[in-house]
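Before any comments, here is the structure.
A, B and C are the chain letters, set down in written order, and residue numbers restart from 1 in every chain.
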Amino acid sequence: MTALSTTTDKVNPLTAGQLPAYVTWAALAGALIVGGLLDTTLLSGFDPGTTAFAAAVIYLPVIYLLSRAVEGRRRAADRLATNLVAGAFLLALLPLISLLWETLSTGLPRFDAKFFSWSMRNVIGAGGGAIHALYGTLIVTGIATLISVPIGLMTAIYLVEYGRGALARGITFFVDVMTGIPSIVAGLFAYALMAIVFGPGTINGLAGSLALSVLMIPIVVRATEELLRIVPNELREASYALGVPKWRTIISVVLPTSISGIVSGVILAIARIIGETAPLMIAAGFTNSINTNPFANPMMTLPVYVYDQYAHPGVQREFYTERAWAGALTLIVLVMVLNLIGRFIAQRFAPKTGR
Amino acid sequence: MKISSIGAPVALFAAAALTLSACAANETANPGTGASGTAAASTLAGKGASSMSAAQQKWIADYQAAHSGVTINYSPDGSGAGREAFISGAVQYAGSDRPFKDEELGKDKFGECTAESNALNLPIYVSPIAVIFNVDGVEELKLDPDTLAGIFAGTITKWNDPKIAATNDGVTLPDASITAVHRSDDSGTTNNFTDYLNQAAPKVWTEAASDTFPTAFGGEAAKGTSAVVDAVTTGKNTIGYADASAAKDLGHAQLKVGEQWLSPTAEAAAKIVDDSEVLPGRAEHDLALKLNRVSKDAYPAVLVSYALVCEIYKDANDAALVKGFIGYAASAEGQKAAAEAAGSAPLSSTMSAKVAAAIDSIK
Amino acid sequence: MTSVTQSTREVTPTPTPEHPVNKARERIGDRVFSGLATGSGVTILLILAMVAGFLLVQAFPALATSPAELEAKGYGQFWSWILPFAWGTVYASFWALLMAVPVAIGIALFISHYAPRRLASSLGYVIDLLAAVPSVVFGLWGSMVLAPAVQPLYLWLNTYLGWIPFFSGQPSGTGRTLLTASIVLAVMILPIITSLSREVFLQTPVLHQEAALALGATRWEMIKMAVLPFGRAGIVSSVMLGLGRALGETMAVAMVLSGAPVITLEILTSQNPNTIAAVIAQNFPEAYGLKTNQLIAGGLTLFVITLVVNSIARLIVSRYKEFSGAN
């Protein structure tokens, strides 16, 4: 497909002449220079962002008109589309680069041993760390995983192996609905549940886990269901033919075939929820000290820690801001590592059969 | 792969959470750590104003260091939440940006106090509210009450407005729009600031003092002190109000009191507490103040936060802890520590003595 | 597949003379297992019912308290309180979609049809990196980096394009306006829309594309004729997913937007309509009493809004599905 589509760029001797390749680059360079000049003279001094923007505004119509004059309307439109599509990609890189740069440059100074060994207890101003938040995140996410994986996995098995009729359709529909629950609503649900069962204002790690489970279950169901469906029926039939009961077939044939995908799906689901802030802020609360008991008292988590450092700084703001960015860096690294592990497992241990 | 590896990530998490004994380099493994266990008699719970959260942290750190085995938890959930928790008895003391109103006080109304006990309002934290600004080419700014009220009420919209220029000779004011930033959340800072505007410029500022900034006046809302400071710092041609200590890097406007121009200094702020009268008709040792915002030499926009405590506690241990802890906070030493850590204005020695007498009366 | 499993079910109980007892045990195992599976499915329904139920119970005081009493406590009547925020939620998402959809489809096309094949998957991963960034980090970045950076642009827009209602009014000096919040939202939903549309574009039948090229179409014409029509349902469903995320996004908006309870079309001023999710996040930790109930009622409203949007999305997608081969 790509091989074919590239041929359209080649010179076609039957149609009108084509713009030589250097024209494109010359136009781009020219646009950059003019944009830079405009930026420095007319606007508020040189700035890479504005220059790039001005250059794009100049380059696009120039290359379009040039191409239209030499190559005709259709080729010009094609060129414009190519430029716009490539521009869209570059445009999306801007926030990514800016964000990563800011996180690294501001977060790295405090991304040190103390950050991973100190809590914020009795810390005012400089120093301090996020160990209490790391423990909280591990515990809260761990419990959420323990709740979500069995329910999610069994639901997927039900949908693929057993479900039919109104109940299965209903569950499929409501899993979709659940996917769309805003995270803050999940937090409010956990808060309301705790308030009704244990009395008003009950805030603890378990509540946070419940909130995260509401978000995680549908992700697990979706990921697992898809994988179970691609397990070839020949495998099931072979198992049945040997007289193996259905439940044993599922456990020892269907699940092992798709296990790598399921594990990777679960890890990706963890990566999706580990950065959730709003539900944990509401359900698990804030604290400056380590709390390893999920059943009592607020528990700090990493995303909430980042928000807390940003929103409640003391007198010396710079230390709090640094810690916030260090926490942000930790979170991004954590999510990226989880993503990489998930993808690695999915690729490395992909089933030999199936797709 | 085997079926058991489903549990791998789960086991990983569980193992990490279980096998690593939870500890932080700066936390001792005492049972009270991180938990406001109600069983331990040496635990004190407080809740309330976020304005004095930095000061409370400092006091708690000092007090805990001096009295090992004591754990104090102060959750800066806001004055209203603090007052409610104190009434319900969920906490032994509360921090509040305003004293209890007359109708809120009374015997047998507070969970941790005995039936015949009333609550006491003790001023322990005084902080000047600075009018902060970030305007191109302007280092110093002088604002009289009417102008300041006009800016925040949205009637003065340009920095080169003649009313601003009138009090700022020799300052080049830009021809730019004013962005006035206020608090979006309920706060004692807003209450005290609007109270000042209402007392000093009643013609322009027609709304009474309130915790919420009046929505009719427009302006830009930011959540919490830090967001206000942030918005003013990163913005252009902005003005806002915040605790002076939270905004050291920004310009602080001078406010007009009588014929004087005053900056938000600790001394000028502490002065207003001395010049204000105690609200009449309260318990003997209650120190709820009616702030006098037009007093000579006294910086008028000041936030006074109170510790709300019982006259008589149900539990003698609680009483002893509160007396010790709040006593330390109100002492000259504690006030100095707060001034360093939180930039508050230390209570004058006369006021400090009055608070000490009140704390002595707690049973 | 269903027919296969049904037929095998009949096979299982076939008597095996060697192990007459085994049958019963096998059946118990099957029953227990299918019971567990069905139970899990039902649990999901229960959880959803609980979400709605508990929220309703906790929201009830705010909805049932007489307006006069709410007014006296300074909370205002519920519906007039929630309306500006509901507007802000929808309006901010609208701008986010307006910015994100063209860019996302552009990126998806770039990766599927323009970039060299060897690079395509790594380029896709680069965009997916954006999805790995937690919302609280987007909040930090939006308020500390983006807002000050775009503020001069807003002044420019206001000065030269102020005659367009959206850009009119007195521009904010902080840059923390609805447009900034929408830009952050747009960046956040970009990877969602991109990855889904990319998948669909890649599934376009090669024959269709080759046919278009063979007729002399340029690459762009081929995309217009073959790829986009084929992927329409996929695009719509990905956009709807993005919309769902934008409507419910909390922390990024709460940290970036200077919100106020107003209804306005202007997107550059200091008075921006706040979103429901952001209002809850900003006020919940310090709320007490009726305020908590009011915020939970707000959450319930948001839940209903997202529910309606998602249902509409599913309806659209299922309709398109019948006409095209995309999922």
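Heads up, the rule we're going with is that a contact is a pair of C-beta atoms (placed from the backbone, for glycine too) under 8 Å apart; a residue touches a chain by one contact, two chains touch by 3 or more.
None of these values were measured; they are calculated from a predicted model.
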Most distant chain from subunit C by Cα centroid: B
Counting C-beta pairs in contact for B-C and for A-B, the higher total belongs to A-B
For subunit A and subunit C, let me know how many angstrom lie between their CA-based centres, rounded off. 13
Interchain centroid distance [CA atoms averaged], subunit A/subunit B, Å: 38
Subunit C residues touching 2+ other chains are 144, 254-255, 285
If you look at subunit B, which of its residues touch at least two other chains? 50, 223, 227
Multi-chain touching residues of subunit A, meaning two or more other chains, are 153, 251, 286, 310-311
Looking at the complex, which residues from subunit A come into contact with subunit B? 114, 117-119, 121-125, 128-129, 131-132, 135, 138-139, 141-142, 145-146, 149, 153, 201, 251-252, 255-256, 259-260, 262-263, 266-267, 270, 286-293, 296-297, 310-315, 317, 349
Interface with subunit C, subunit B side, in the complex: residues 50, 77-78, 80-81, 84-85, 157, 176-181, 184-186, 210, 212, 215, 218-223, 227, 230-232, 234-238
In their complex, what parts of subunit C are in touch with subunit A? 1-2, 4-5, 8-9, 11-12, 14, 16, 26-27, 29-30, 32-34, 36-45, 47-48, 50-51, 54-55, 57-58, 102-107, 109-111, 113-117, 123, 126-130, 132-141, 144-146, 149, 152, 187, 190, 194, 206, 209-210, 213, 217-223, 244, 247-251, 254-255, 277, 280-281, 284-285, 295-296, 299-300, 302-303, 306-307, 309-311, 314
Contact set on subunit C toward subunit B in their complex: 74, 143-144, 147-148, 151, 170-176, 254-255, 258-262, 270-271, 282-283, 285-289
In the complex of these two chains, what residues of subunit B are touching subunit A? 1-3, 5-6, 8-10, 13-14, 16-17, 22-27, 33-36, 50, 53-54, 57-58, 60-61, 64-65, 75-76, 90, 223-224, 226-227, 229, 245-246, 248, 341-343
